[in-house]
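Take a look at the structures listed below.
Both complexes below contain subunit A, partnered by subunit B and then by subunit C.
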Partner chain A sequence: MSNAFTVAALISAGRHPVSGAPRACRGDAVAMALGRRMAGDGLRVVHAGAAEEPSLQDYLALGAGTIEALPLDSSGDAVATLAAHLKNVDIILTGSNAESGAGSGLLPYALARALARPVAGNVLDARVQKTAGEGWDVEIRQFLPKGQRRRIGCALPLVIAVHPRAPVQLKYAYARRLSGRIERFPETPTDTCVAQPVWTVETASRRPIRLKARETKSGHARMQAAVVAEAKGGIVAFEGSTVDKAQVMLNYLREHRLVDF
Partner chain B sequence: MSVAVAVTVLFWVSVATLAIGLARRARLWRTGREADVEWAGLLAVPKRYFVDLHHVVARDPYIANTHIATAGGAFAALVLVAINYGLGLYAPVLDWAILLAAGVMLTGVYFVWMRRRHPPLRLSGGAWNRLPYTLAAFALGLALLTLVPSQTLSAGIAIAALALLLAGSAELALGIGAGGPMKHAVAGLLHLAFHPRPERFAGVRSTALSPLKLSNHDFGTRKPSDFLWTELLSFDACVECGKCEQSCPAFAAGQPLNPKKLIQDLVAGLSGSNDSAYAGRPYPGIPIGSHHGELSAAIVPKLIEAETVWSCTTCRACVEECPMLIEHVDAIVGMRRSLNLTQGEVPGTAPETLSNLRETETQGGHARAARYNWAVDLDVPIIEPGKPADLLLVAGEGAFDMRYQRTLRALVKLLKAARVDFAVLGERERDTGDTARRLGDEATFQSFAKRNIETFASLDFKRIVTSDPHVLHSLRNEYPALGGKYTVIHHTALLAELAEQGKLQLGKSPEARALTYHDPCYLGRYNGETEAPRALLRKLGIEVREMQRSGLRGRCCGGGGGAPLTDIPGKQRIPDIRMADARDVGADVIAVACPQCTAMLEGVAGAHAEVLDIAELAAASLEARP
Partner chain C sequence: MSDVKRINPRRPYRMSPTGLRRIVLGEIASADPHIGVTAHETQQAKPLRTREPAKRWHMAVAHSERGRLDDHAREAIAAASILATPDTGVVAVILGELHENAGELGADKIVVVPDLDATRFQPQREEAVVQVLLDEFVPAHVFMPDNLRGDGDLGRRLIAKDNAFAATHVIELDARHVSVSWSGGAEIAKAPLPRFVLLAPGVVDAKLPFAGAGELLPAPKLPGVTEAYRDLGLEPTEAADIALEEADFIVSAGNGVENVETLGTLARTLGAAIGASRVAVDEGKFSRDKQIGASGKSVNATTYFAIGISGAVQHLQGIKGCRHVIAINRDGGAPIVKRADLTVIGDAEELMQALITRVSQARNQGEVPRSKDE
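Then we have the complex of A and B:
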C-alpha cells in the first residue's frame, strides 16, 4: 500500500505498576498497533528520549520495526522536540497516558497546540479514506462511557490519542526484538516554546479506611427495609464491663468478617 | 530352473527398486537440519528393537505376537531368498527353510487380516487395509515356489506364483520408497538407530526439551525442513496404530488434536502432498483433505491449524504409548516456538501470562514480595547468602493460589514436625520459566533460567524441595543444559524419605473415605516418580484405589503445557474426564501432588470427589497421632 499520507506513533518508556520493570507502555503499544493497521509498513515509530531506554526493546518485539529516538535537550521538553520532528506527519498517534513521569495525558493536546492541529481523544479505531477531492480524511470511532461510541470524521493533519482499550491484539515476538533497529537522531535545537504546566508535588496522605459490613440480606429483606419503616438493627451495649463490651464489638466484627482471628 | 532364475531376477530388480526408492526417501529426510548422530546406533538397533520397542508393543499381546510372526517370518524369508536366489545357490534345503519362514509369515498375516476385519477405531485404514493381502501374496508366492518341485511345476502355477510374488515385492520394494505403509519397517529401524533422544535406550526418562540457540537465530520449526533430519525420519516410522490418539487427553476432550494425524500431516509435509490419503480419525472438528504441505512452506496454518498445536497439554501420554518411540511433544513444542518467537501468535490468555512473566517474574502479575504471604505467621526462615540451609523450599506459582496455599502450609507444618533445616527463597524467588517454555517462549525461559541460576549460585543449600512437579522438572531436567545442576526432590519423595528414616512420625490418617491418587504427568511420566506418593499414602494407612489409567500411563488433568491459558475449545473439559475416572472407581477423595492438578480438578463443576494434596493428608495425620 503506497500511502499518500504519513502516520507516526509516539511511544514512551513504560513501567509495570507492580514491579516497576521497564516495559512497553500499554496505551502506547495499542496506539502503535492501531497505526500499523492504518499505515502498514509506512508507520513511523518515534520515541522522545534516550535510545538506551530498556523499554524500547519491548516495542521492537511488538513490531515497531525501526524506532526513531530523539534525544531531549536540556529543557527536557518532549513536546517541542516532537513538534519540530513531526511537523510534516499527517497523523500522529499517541497513547492516552504515559506510565512513567507525570503521566498527565496532556502530551497529545500540547503537541496538537504546538502544531496547530485538531486532536481526537479516546479513539478506538481510525480509518483513512479518500475524500471526493484528492485529499484524505479520517473516520474515527471514539470511546464514550457506558458502552456508547461516537463516529466522527476529521480532515488531515491531526493528532489522535488512542484509548487503551482499542480493539487491537498485541503480539510479542522475540525475533522481531532482535531484528528491529533503534535509529538515533541528533539533538535538534527547538525554538517553539510550549508553556509547561506548573506542578506541585506532595506526598499522598494516608487516611484510615472505614470498614463496612457487607450487605448479606436477601432480596426480600432489602425490599422490606425499603418499604417498611423500622428502626435500624444493632446492639447498644450499656451493660457489663469493658471486656464484655469489647467482646460485643469483636463478635460484631467477626460476624461480618471484618477481622480474621 | 527358469523359474528360479526369474526369482533371482525379481529379487535383484526389487533390491534395485528399493534402493532407488530409499535413496529418494532419504533425500527427503536429509532436507531436515543436521543432527548429532552416533553411527554406533546402527549396531544397537537389535537391542533397541527387541528390548525397548518390544517392551511397548508387548502391552498388546495380540499384535505383539502377530507382528513377531509376520515380521519375523518375512525377515527370515527375505534373508533366505537373498542367499538362495540372490546369490544363485538354488539349494533345496534352503527352499525348505524359505517355505517354513513363509508359513510363519502367513500365519501372522492371517491374524493381521483377522484384526483388520473389525479394526478398533484407533487404527488407520486406507493403504494399511491392503497390507494383509499384499503380504499374504508375498508369502503365498514364496510358499508355492518352494513347495512344488520345479520339475512338476506347471507353467500356469509358476506364473501365478510369480505374479503373487511380484505383488508382494511391489509392496515391499516399491511401497517403501513411495511412502507406502511398509516404509515403517525401514524408517522404524533407522529411527531406532538415530533416535533424537538416544538416552531413552539407556533407561533414562529423557524428557527435557532441548534449548534453542537463540543467538544463531534458531526460532523453532516453521516449515517441515526445520525439523532435525532424525525427526523427519521418525515421522516416517509411524505405523498409525493410534495408541497415541487413544491416550491423548485433548483428543478425548474433543479438542482439535490427534497425535497420529499430526505425525501423518508432518509426513504429508515431508513428501509435499495433502492429507487426503490419511484414513484415520481426523482432528476433532477439522475435516480431512483441505490441508496441504511442502517441505519449505510454513506448517501453520496450511498444513496444521494453530489450534491443533495449542491444544496439547504436553503430558507425553502419546510418547509413552508410541510403539515406534516417536517424540510427538518435541514436534509440537518446536512448532509452538516458531509461532511464539517469530510471530507472537499465542491464543487465549497466554500472551498476558507471558508478559506478566517478563514484567513481574510471576505468571499472575503479582509482586514477588507477596509470594510467601501465606507463610507470614509460620515463622519460616528465608534463605540469604551466607546463611546455609539443608533444604531450599521453592513454592512456585501455586503460592499465589489461595487453595494451594493450604497445601504449602501443610507442607511447612510437616517439615517443622520433622525438624528439617529448611528455608524459602522469599522475595528472591522468580518463576522457573517452565510455562513460558511449554508455550514456546524459549527466550523468556532461558533468561529466567540464567537469572535463577545466578540466584541459586549465591545461596548455600544442599537440596531443593518443591511441591510443584513443573518446577521440579525444569530445575532437575532442563536447567542442567543451561548450567544449573541441583539435587531437586519432590515433596512427596521428601516426606516419604523422612517417614522412612523415622524423622517424621506420621500417625494413621483420619481419612476413612475411599481414596484414589492422581499421578501428575510431570512427576510420573516426566520423572518416573510414581512410587513415593503411594508409599507415603500407605504409611498413612490409606489404601489407594487405582484408577484405570494411573502411574506412568496416568491421564492428564489438562493443566500442563499452558493448555489452561491457550484454552482451545473442545466438547468437554479434560479435568471432567479425569474426575469421571475417579468416580468410576468410587473414590470420594482424589489425592494430588501438584498445584496444576489441584486447580484443574478443583475446578470441576458439580459434585465431585474432594481434592486433597498428599501433604494435607499427611499433615492431618499429625493431629491424629496418639
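Then we have the complex of A and C:
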C-alpha cells in the first residue's frame, strides 16, 4: 500500500503491574495495531528511550517490523526528542497511558502542543479519506463512557491517543520477533528546559486517604452522627402496597439523580 | 442525701435503626422517644465557609450532565473548597447547563457556560473560555475530575498549554501534596501540590459541613474560535446493546425472576442493560455473557437493580464497583439486603410490573420530580 500520508506509532516500555516484568504496554500495542491497519507496511514504529529496552522484543513479536529507537539526552525530555523526530509525520498514534511511571496520559497532548497540531483522545478507530481537494481527512470514532461513541472529523496532521479498547487483534509471533530490527538513532540534543516533576516513589503499603473537610462539632453532634452511622446497610421497605413500593424505588432513583425523569 | 450524682433511669432515649436504645447526652426530651433518628433529623442551612474577602482563588472546572453535576464533579469542587484557606475563594466553572445550586457544593463564585456541554466536542472553544477565566482569576490551583466525559481531555489540553508540572489520576491529596499510583499501582508517588490537579473518582468526600457563597457570575463571551475538529455527533446507542462492563444502569435477574419478558420490559423502560446471576444463566434464561460475579463479569454501574438475587459472595464480588444497589427480594434476611442501599421486600414479578407502570407514567407525563425538601 503506498500512501500519500505517513503514520507513526509511539511505543513505550511496558511493565507488568505486579511482577514488574518487561512486556509490551497493551495500550501502545493496540495503537501500533491500529496504525498497521491504517498504513500497512508504511507504519513507522518509534520508541523514545534506550534501544536495549527488553520490552521492545515483545513489540517486534507483535509485528512492529523495524523499531526506531531514539536515545534521550540528559534532560530525559521525550516530548522534545519525539517532536523533533516526527515533524513530518501526518498521523502520530500513541497509547492512552504508559504502564511504567506515572502513566499520566499527558504525552500525546504535550506532543501535539509542541508540534502545534490537533489531538484527539480515547480513539477507537480512525479512517483516512481523500478530501475533495488534494488533502487528506481522518474520521475518528471516540470512546465515551456509558456505551456512547462519538464521531469526529479532522484534517491532517494530528496526534491520536488510542483507547485500549480499540477493536484490533494482537497476534504474537516469535518468528517476527527474530526477524524484526531495532534501528538506533544518534542522540539529538534538545534545547528545552521544562522543570521535570519531582516524584518520590515508595511502595504502596497503605490505602490512599480520602480528603475530608475538617469538622468542629460538639460532642453531642458527634454522638448523634455516630448513632446515625450505626445503620449498616441501606433502607429496607417492608410496608405498603406494590404501588407504594414502586414509588419508593422511583423516589430513590430521583433523589440520587439516577434517572432524568 | 449522698452527693452521688443521680441519673434518671427513664431519661429520654432514641431507638437507633438497628433497634438499640441510645441515650444522647444533651438531647432535649422529645415527646415520642421511639421516633427514629433519621426521620427526626432536620436539614439546617450550612454555615458559610469563610466571610473574608477573597485574596486568592482556587478553581474547579467540570462538565455538567443534563443540568446536574455528577459525584466526580462535586468532588472536584469539594477539593477546591476544602483546601482553600479563609482568604481564598472558590470559583466553579461549569461547562453545560446547571440547574442546581453549586454554592452548596462549596463554590463561592459560579460561572456557567451552557453552550459548552459535554455532548458536543469543541475542545478549542472550551480551552479558550477557560483560559479567559484563568487569566481573570489567576487561580493558585485548578481541580478537575479526570474522566472520559471531556474533563480529562480538557484538563490535559490546559496542562499542555501551561507547560508546567501537573498531576493526573490523583488518588490522594492534601494541602501540600498529591499522590498518584506508579507503575500500575504497585507503587505510589508523591509530589508537591501542582497548579493543575486532575482527580481520580472517589478521592474526596464531597459532603461538606459548610457552603460557599454561590454567587452566579455572567458567562464570558464565547470567543470566535475556528475548531480544527468537526463534531460529527454521537452515534445512536441502544441501552440493551451496551456491553455490561460499560453500562451505567443494569437490571439484573436471579433465581427469583420467573418471567424474563417482564425483566426485558423493565430494562427497556429504565434504559438499562440486562445482567443475571449464575443460577439464572445456568437455567438458560440468559446467555453466558450476561453473568455477573466471580465467574462472570465485574461491572461498575452507577445503578444496579438486583431482582430476585440472594447476594451470594460470588455474585457480590462482581458488583463491588456499583454505587447504588437496589434489591427486590421476597426474603428480608437475604445477604443482598446488607449490600443494597434500598431493598424492597415483595414478589419480584408484581414489583417489576408496578415499577414498569409507574416509570412509564412518570416518563410520559414528564412529571416534575418532587425535590427532597418539599
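Criterion: the second predicted complex is superposed on the first by the 192 of 261 C-alpha atoms of A that agree within 3 Å, B and C clash if a C-alpha of one lies under 4 Å from a C-alpha of the other, contacts with A are read in each partner's own complex, and residues count from 1 in each chain.
FYI, a contact is a pair of C-beta atoms (placed from the backbone, for glycine too) under 8 Å apart; a residue touches a chain by one contact, two chains touch by 3 or more.
Treat the numbers as computed from the prediction; the structure is a model and nothing was measured.
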Which of subunit B and subunit C A:18 touches, first, second, both or neither: both
Partner chain(s) touched by A:127 [first = subunit B, second = subunit C, both, neither]: neither
Greater subunit A contact set [subunit C / subunit B]: C
First (subunit B), second (subunit C), both or neither touched by A:110: second
Which of subunit B and subunit C A:184 touches, first, second, both or neither: neither
Touched partner set for A:222, first subunit B, second subunit C, both or neither: neither
Subunit B versus subunit C as contact partner of A:173, first or second or both or neither: first
Subunit B versus subunit C as contact partner of A:87, first or second or both or neither: neither
Partner chain(s) touched by A:153 [first = subunit B, second = subunit C, both, neither]: second
Subunit B and subunit C footprints on subunit A, overlapping residues: 16, 18
For the subunit A and subunit B complex, residues of the former touching the latter: 16, 18-19, 21, 23, 58, 61-63, 170-178
Of all residues in subunit B, those that touch subunit A in their complex: 214, 217, 219, 340-345, 351, 354-355, 358-361, 365-368, 441-444
Sites on subunit C touched by subunit A in the complex: 14, 16-18, 20, 22, 24-27, 37-38, 41, 66, 68, 70, 78-79, 81-83, 121, 147-149, 152-153, 156-157, 159-161, 163-169, 171-174, 179-192, 194, 202-205, 207-210, 228-235, 237, 239, 241-243, 246-249, 270, 273, 302-303, 324-326, 332, 337-347, 350-351, 353-355, 357-359, 362-363, 366-367, 369-370, 372
Residue ranges of subunit A in contact with subunit C within the complex: 15-18, 20, 97, 99-106, 109-110, 112-113, 118-122, 139, 141-155, 158, 194-204, 208-213, 215, 217-220, 223-224, 227-228, 230-238, 242-243, 245-261
